Each structure stands twice: as C-alpha cells, then as structure tokens.
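Note sheet for the following structure.
Think of it as A, B, C and D in the order they're written, each chain with its own count starting at 1.
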Amino acid sequence: MARMKLPGLVGGLGVTFKNMLKGAVTVQYPHEKEDPPTRARGVIALKEENCTVCMLCARQCPDWCIYIEGHKEKRPPRREGGRERTVSVLDRFDIDYALCMYCGICVEVCPFDALFWSPDFEYSEANIADLLHDKAKLGEWMETVPEPEPLEEGAE
Amino acid sequence: MIPTLAVEVGWGTTLALKTLIVLGLVPFGALVLGYTFLLKMMSHMQSRLGPMDPGGFHGWYQLIGDGLKFIQKEDVMPAKADRRVFALAPAVVVVSTFLVFVVLPAGPELVVSDLDVGVFYALAVSSLSVVGVLMAGWASANKFALLGALRAAAQLIAYELPLLLAVVGVVIQADSMSLQGIVSAQANGEIFGIGLIGNPFILTQFVGFALFLVAAQAELTQAPFDMPVAESELVAGYMVEYTGFRFLFFFIGEFGTAFAFSALAATLFLGGWAVPGLDNEGLSTVIGPAVLFAKLMAVAFLMFWVRFTYPRLREDQLQTLAWKYLIPIGLANILVTGALKVWI
Amino acid sequence: MSARAGDVEIAPEDLRHLADAQLNVELDTGDMVLNLGPQHPATHGTLRLVVRLDGERVIAADPVIGYMHRGYEKLTEFRTYPQVTTLINRIDWLSSFANEVPFIWGAEQLMEIEAPPRAVHIRTILTELSRIATFLLFLGEMGLQVGALTPPFLGFRDREHVLNLIEAATGGRFHPNFNRIGGLKDDLPWGWIGETRDTMRIVFDACNTLEDLLMGNEIFELRTRSIGIIPGELGAGYGVSGSNLRASGVDWDLRRDGTPYLAYPELDFKVWTHSDGDSYARYWVRLQETRESARMVIQLLDQLPSGPIMAKVPRIIKVPEGEVWTETENPLGQMGYYIFSKGATGPFRTKIRSASFSNVSILPWLLRGVYVPDVITILASLYFILGDIDR
Amino acid sequence: MAEDTPPVHEGDGHEGDAPDAVIPPEAPVDAEPEPEPEPAEPEERAYSEAESELLARLEGELGDAVVDHADAYGTLVVRVRPDAWRRAAEVAKTRLECDFLSFVAGMDWQPAPREGDEESSDTSAPVQPTETTFGAAGSEGRFQVFAHVESTDRHWGVTLKTDVTDAAPSVQSWVGVYPGADWHERECWEMYGFTFDGHPSLRHLYLPGEFEGHPLRKDFPLLARVVKPWPGLVDVEPMPEDGEPESSETTAGSEEPT
C-alpha cells in the first residue's frame, strides 16, 4: 500500500479539514429515521390465532421471560357429525422485554408461526414494569412485521 | 467614548459602560467560540452535526441553555474540600480573563485603557489563572484534581516564557508595548516599500506567530497540551469536583481566555482592528470591532482545528518541547529580529 | 503487594523506558494510591486499577476485576446448547459472532457434524467482519485514550457500515446468535454481497484515514513508541495472545497455524508481526490486520460456494459424551472453549478461555515504572473488553 | 495439531467411541466429505504424529508420573500425578516448547444434585446423567485441575490434568513456571476452593471478599434458577384429548426437560 504521505502533523489537519467539508453521516433521530434492515430484531410480534399454547417458546427461552397461560375448551366439530374438538385457548402471553436478550430462539422454535420479529425498536418505557408486553400489545406489533426478503444468490 | 455619537458623558458613566462591555464580552466570547468551534466545527470534523434542535437554527441556543441548566444545578461541594478556596477558585480563573480585555483595542478609541505596557500587562494578567487552577485542584481534596492542578501549574509556568519571547519580537519591531501602538505600526508599516496591506507582523514575525500559537495552546490547556484536564486520564483534572455554576465559570474562563488569546494574537500579528489604507477614524471605529472579530475567529479556528485533531502529549514531553525547543527558538527569533532592527 | 506473581528477571534493555524515571530516585516523595476506576473513562467498562504513585510514576499497579462477572461458566451448565450461543455472544460483545464460532465448532466436533461449505464460508466472512468492526473501533478509540478527539468518531462512523452488514445478515448488530450446530440460521439476504464489497472499500479508506490522522502523527508516536513493551516470551507465559503477541514479534496466528478451522486454509493471507512489542506496534499490527481482514472478506466473497447452509441435524440437540478443546483466533486474541459433555442437551461444564483475561493479567508487570498517561496508553493498546475479562 | 493420522497409541478409550475427526492438514475443514475412509477401530482415537511426539517427550521426562493419556478430538490429554504437577509444567515449558499458557481451570465431575423431587419441578437445567463419569484420561475422584499449554513455535498444544483430593484440595502452583497462571489459579481457588501451593497471593479475583462458597462446584445452586418458577410449566389440568394442537404440544413438551 504505497500512498503519498504528508508529515503526520499536517496530514492529520488535512483529514479533519476534509471531514469538515464532507458533511455529516448522522441523522437527526426523532425527525428523520433510518430504516433498520428487514431482519433486525427489534421486537417480537405475536399472531395470536396461530398460537396453540404449546409452551415451546417459554421452555426454550434462555431467560425465562415468556409467560404463557392457557386453558382448553371444547368446540363444535368442523364437519357435520364429526367429533367434538378440543382447542387450547391462550389466556396470557407476556414477554418481559426487560429480561429478553433478543436471541430469537422463541421465534425460531415456534412450530406454528405465531411469533415474528419486527424491526420496530421504539418502545422504551420510563417504568421497567411497562416493558412487560401482554398479548394485546404483542399483537399490535404484527402490523410492523415486514415481508421476508429474498435470499442472496447461491442460497438453497 | 465613541466620538461619532458626540455625546458628552461623564467619566463615571464611561467607566460603568466600559465595565459592562467587558463583563459582557467574556461570556459572549465564550459562547461564540464554544458554539462555533466546540459544538459545530468539532461536530462536522467528526462527521456529525452537533446539537440541531435548541433554538431552531442549528442549535444556536444549546450553550445558553446549558448555561441556564448549570445555574439551576445544585452546588455540590466535596465534604473534605477547603470550602472557601474551593468557592473562590473559579472566580480567580474568570477574573484573569476579564482583565485581559482591559487593554484589547477594537478600534481607534474603542479600548478600556490603552496602557503603555499593554502587552506586558495582558500576558501577566492572563497567567493569573494558574493560581485559580491550583486553588481548585488543591481545594477539591481529590487526587485526580490534585494531579491535574500540579500539571497545570508546571505547564503554565513552562509556557509563560515562550509566550513572552514570542511577543518580544513584535514589540521590537513595533517599537511599542502598547497594543494600540502595535496595531498602528502594522497598519502603517510597509513590506519592502509596499504599504498596500500594511505590515501584519505575521509575515515578518511568522516564527513568533507560530510560537505564540503553540504557547497559547498550552496556556489554554487545549489539546495537544490538555494534560491538566486530560479527559481519558484524569477524567476532568482540576475541574473534576465542580458542578453547576462553578463549573460554568470554568467553562466561561476556558473559552473566554481562548477568545482573549485569539484577540491578542489577531492584534499582535494580524493587524488588529485596523484596515490598511482606511484612515477615516469614524469608519474605523464602526468596522474595527468587526475586522478584529473576523481576524480573531481566523486565529481561533486554527487553535481549535489543532485541538480537535491532535492527540495529547505527555507532561514530560511537553516540558521537553517548551524548554528544549520553543524557548531557544524564541530567543533566536528575538536575536534575529533585534539584529535586523538595528542594521536595517 | 509483596512478591508479585509476575516477578521475573527483567533484562536491562526492558527498562529503557524507565531511564528517565530513575533520575528521580533522589527526589523521593511519599506515595499516593490512586484508584483508576471502576468508573473511569479509560477503562471502558468496570476495570479498576489500584495504582500506587510516586508523583506521576507508577510504583505498583493491581488490577481489580470482577465488577462485571456474570458467571458464564456456571450459566452454561444450566442451558442447552442453542441457548448457550446466546450467552457467549455477550462475552466479547464487540465481536460476538467470532465468540460463537469456537463453541459451535466444539459442539459440532463432538456431534460429528460438519457444516456445509456455504455455511462455513459465511461464518468466515462474518468472523472477519466482526474482526474489522472490533479493530475499527480500536483504531479510533486508541486516539481518544491518547487525547485525540476526532479519531474515535471516525472509527465509530466506519464501523457502523460493517455493523449494518452484520445486522442485515444476522438480525443482530451486536449479538447475532446466528450460528447453529451444523450450519447457520439463515442464508444471506439479497444484495448483501455487493454491499459488502462496497463496505470493504470504505474499510480500506478508513484505515488510510486513521493512519493519516493518528498513526502518522508525531505526537502519537511520541506517546506510544517504547511504551508498554511486552517481551514475546514473557507475553506467551502470561497467555497474552492475538495481535498483542504478534506485535511482540511472535509469528503465531491460529487462523494459519492452529487446527484448520472455518475457510482459512483456502485463503491467501499474511500474518502481520512487529518486532517492537510496544503500544505503537500493537496499533500498527491491528491496522494491518484490519486491511488483511478486508482482503480476506473480498476473497471469500469471490469463492462463496452455493448450496445449503444447514447440515442434517437432529431436532433435539444432544451432544454425545466426550470433551473437546477448540480455540480460534478472535479479534482480541485466542478464545477457546473446553466443552465437557455427558450426552445431555446442555454442556456438563464449559471452560471459557477468553483472550482479554490473559491479556490483562500482564498489567501488574507491564505498568511498573510507567507514568500515569502511559497507563492509559497501555490499557488502550492492549485492547480489552470487560465482558471478555470478567466473563 | 491436526496432523496425519498414523494410528499408534492407545488412549484410555474412555470416550473415544466416535469415528475419527482428525483432518489432514491440506484439506480444508469445510471441504466435501472426508476423502479418507474412517479409521477402522472406532473404540480408540488414534494419536496424530504431534501428539505421539508430545507424549513421548512427556513420558521421557516424567516417567511413571504420567498416569493416563488420551486424545480428545485432536488434542492430547495427559493426566499426571498430583505431586508431579509443577514438574509437568516445567517439562511442558522446556521439553515440549509449550511457552504459551492457555488456561488453568478446575473441574468437578460430580453431577449436580437435583433440586426438587418430581420430574416436572426440576427444570432448572438440561438433565445430566446422575452417575459420575470421568472424561478423557480419567480421574481419581471428584475434583481435577486441568490446564492447556501451547507452543507458539511448534504450534502444538497439550492438555494436562491432575487429580485433586476431595478432603484437602491442594495443587502445586504453576506461577513460577507460567506467570500467567496467577489469575487462573486465583479464579480456580475461589470457584472451586482448591489451594495452590506456592501461589504468592491467593486473593479473590472475581468475587467480593466476603463471598462464601465455591460457585463452580456442582453442589452450589444457581439461585436465579431456584427462586423463579420455570415459566414453561403447564399448570393447566391436562385433558386427555387428541386434538391436533395437543399432540404437538406433548411432543414439544417432552423435548427439553426429559
């Protein structure tokens, strides 16, 4: 790497001066926002109707920050004359974002695609207890979940 | 005081007016330099924008707001501090800054007091701040503060000398120690018989100018000579225990002194308020301050440019630089200037 | 503080930088104990240094660590293998992806699984990217520690591009949790390769910029040359590794010399060493390694094979009984995991060998006789991450 | 350390039940499936050239102080007698040219006592086997100290182990040989309670001075997992039905805590 070199003291001044003319790389956050990448792990969204209360996410969570309660109900059969169905009904689905490590294991292990990552990150709270998102709030995040993006060449 | 106004005012009123102007000038200078260079220039050099929201236009209100915040803050004093000395120290630092402005001319008549030994006075008074710094460091009862204060003392003493030597060349060339005298010597001077731009001493005394800037940088404890505050080593050096309005005093002192030194450098080396070829005294009085301000900002730009670019020297390296390089160069400069003065 | 652990014979030439200090012996004054940290800007984290000073000269320094000890070795015993990767992301949080690699490699060895070539290549790319990100921060941060205000911002600025790449691929800026036993969580998103090529140009620029701004600066040289000299042999005895050891002239890089791992055997790269062993050498070596890593990333992108990214792995990961020692060349030095498995879903015990821990353990020896500002220079040039010391 | 694989030496074969994972030096790790056929004997893990060389040198110096040795996925593991622990370090540094100290650490082979009596209530950890087994090169009892040293020049390394008695856990210190052992031994001292003879100052490294107990011993509970109930517990009364979601739940539930 042979490059033209100025004496160090002068060269340094040149760098800062050039930088000054180049303009900023930052954005003024609350006024303008950068789009996080699609895969960014901002917040976990819950699609309640897909959840079967299988507890898999809560069990795999390394931090134990997912709290799930549910009960079972009898439902009329789908077809005429079929058997009565039992479905699990979700009573409580809370994620404590004060504990969450954003590892994504719960999203990954969910066998029924009930959990999704959303890149939204603006949910800081003044009170730590408010970081416990219940299923209604987690459901609201569904709106912000992006479409999965296409993969790079050579992927299978 | 301002002849164009042609209003007779008594000396008491004049004195009050002058005091007010000087009192306003230091915080004003601190604000202007702080905003322009610390907030804006540094940010842009670092590829960011700095504060943008307060005040609407590029965050101009930020520093004023900061100042107000400091005033509101609780005045915390360490339990083991020497209370009186601790409280007095910031004032001493700021006062030394105020006193420099007494002799700085901004126009043919715009000067508080045109002392015959103006240069000498300005440099002597400016070094008073070291007393305040030592007081702050000692009274804080904090080891970091003490280290910072001792560094500051060693450093300011070491750099007083090159600063003085750098100016001696100017004094010799101008035949005057009065700042007004030096300004007029530059305005009316000639370089090889060409008097178009006068003779700003930066041309003939470039070595002196460079020495002055380096030494001023050390006096102001700015990078590369900011060991007394040394953010990464001593946290904030002698200021580490100060909060609220006392810290504000130090801040004003720091940037006010930078303002004063840039003004001094502009006066000594760039021709001060004078515009060569402009003889109209009234007009000079009006545009003088603007001219001085422009020159001052140019000098300040240089100083802050270096501040935001260079790493910090070590204390012993700084002493080496002062005693082994700057002082001999300064002496040689005086020798050469004197010799030329005598023989030409 | 009587007999110190690191007491070894010091050759006279190692004391060159103390020559000035020895003049002051007759001006002996009382000692002062200065507490650098645990909250101090130079320790970037919660490292505490109890320094005994004579004036500004350090007589003895005793690092006190553990303010951030999270007990990861214990925690791994209570977690399954997939959960452990989440944890070890947080050991050296600046290059978390590189942390995952040796652990996953170890588990894969125990399970006799091999990740498909595409996954291995992507792993290598991301490892090198995290190395670049870590070093770019160092190259700027070092400036801050020696008092320059602008370099850290430039370092942060350019690192951001690299972090964006890591985030786009893994979803996490700092804690990717992207490695899985047998492969990777996902393939790369569309357009990532082109973006990476562009970013590598930015990285080269950043290196040049920082070289002009900081490394070439005479003041910087004054501050770092012959400060904190680590003799190669002593450094090895202390377990100092990575760029720190290479800056002491030890030509040893696990990417080239260790058990072959990732795609490194396929790459053509140079291992940079410097014979001085001082802070300047450490900076220099890291600067060269940043460039080298960028070159490696470009090579890897050129030869990225296509194919699957996951090997066949049982749904419930149970690692057969056995023990394995894996170590890799991480940005901060050598990171290793000694995994003991007893055939369960989680490790029986994991010994985590983190680089910074050993790198910092040389401090009591290294700091004797230097000045306070040099303490900061040395701390910065050793480049540790608190999470990597305290684990 | 991955050299070609001439099968010479015999390990203790304790855990060498897996086919060989040693990779020839030229072949990249991630290359297509291993070109060589797998070694014949799956019981023993064959030593590589470097490992045999290391072992020969060690045995030459230490003689019968070498109790056992094995290969752990390409790394030689040698167990030495406790009274030869420091000597082993000296030999490693001089004869084996291993000048680089990777780590010194402790080991507790005894399985952690299970909290609670019911299957379901103990969910605090992946379930480990309850009988005590020992890893490569075996162990005398519950405690061991093991260390890894490497050569910056020859690029090889060896893991050394020694047994520590349960009653008076004490080991010889390595500080005189490898200065870096200082912190590692301090950590080991506070985490396992082993004392190191000849260590200059066994002070707390990570833990606060007044800390009681030895956290890395297996009988030291991880409080965070004891005080909080496992959120994965199903407290719904089970309904013996076979609806679609149900069946998946039962399989899933059995996945983690067996």
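Everything that follows uses one rule, which is that contacts are C-beta pairs under 8 Å (C-beta built on N, C-alpha and C of every residue); 3 or more make two chains touch, one makes a residue touch a chain.
Just so it is clear, the structure is predicted and the values come from calculations on it, not from any experiment.
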Joint neighbours of chain B and chain A, given as chain labels: C
Chain nearest the global centroid, as defined over all protein CA atoms shown: C
Chain whose mean Cα position lies farthest from chain A: B
Top-ranked pair of chains - ranking by C-beta pairs in contact: C-D
Whole-Å gap separating chain A and chain C, where each centre is the average of the chain's CA atoms: 29
Averaged-CA centre spacing for the pair chain D and chain C, given as whole angstrom: 24
Approximate Å spacing (C-alpha centroids) for the pair chain B, chain D: 65
Rounded Å distance between chain A and chain D, as computed from the means of their C-alpha atoms: 36
Residues of chain B engaged with two or more neighbouring chains: 45-48, 308-310
Touching two or more other chains - residues of chain D: 255-256
Multi-chain contact residues (two or more partners), chain C: 79-80, 150, 154, 157, 213-214, 217, 219-220
In the complex with chain B, residue positions of chain C that touch it: 20, 32, 34-35, 40-42, 56, 143-150, 153-154, 157, 213-214, 217, 219-220, 222-223, 371-376
Residue numbers on chain C that touch chain A, as the complex places them: 79-80, 82-83, 85-87, 89-90, 118, 150, 154, 157, 160, 164, 167-173, 175, 177, 185-193, 208-209, 212-214, 216-221, 291, 304-309
Interface residues, chain C side, partner chain D - complex: 2-8, 65-66, 69, 71, 73-75, 77-80, 109-110, 112, 114-117, 119-121, 232-234, 236-241, 245, 250, 252, 257-263, 265-266, 315-316, 320-325, 327, 334, 336, 338, 340, 342-346, 348-349, 351, 353, 357-358, 361-362, 365, 390
Complex interface listing, chain A residues touching chain C: 1, 3, 5-9, 11-12, 14-16, 19, 25, 36-41, 60, 62, 101-105, 108, 117, 149-156
Residues of chain A that touch chain B when the two form their complex: 9, 12-13, 15-17, 19-20, 22-26, 28
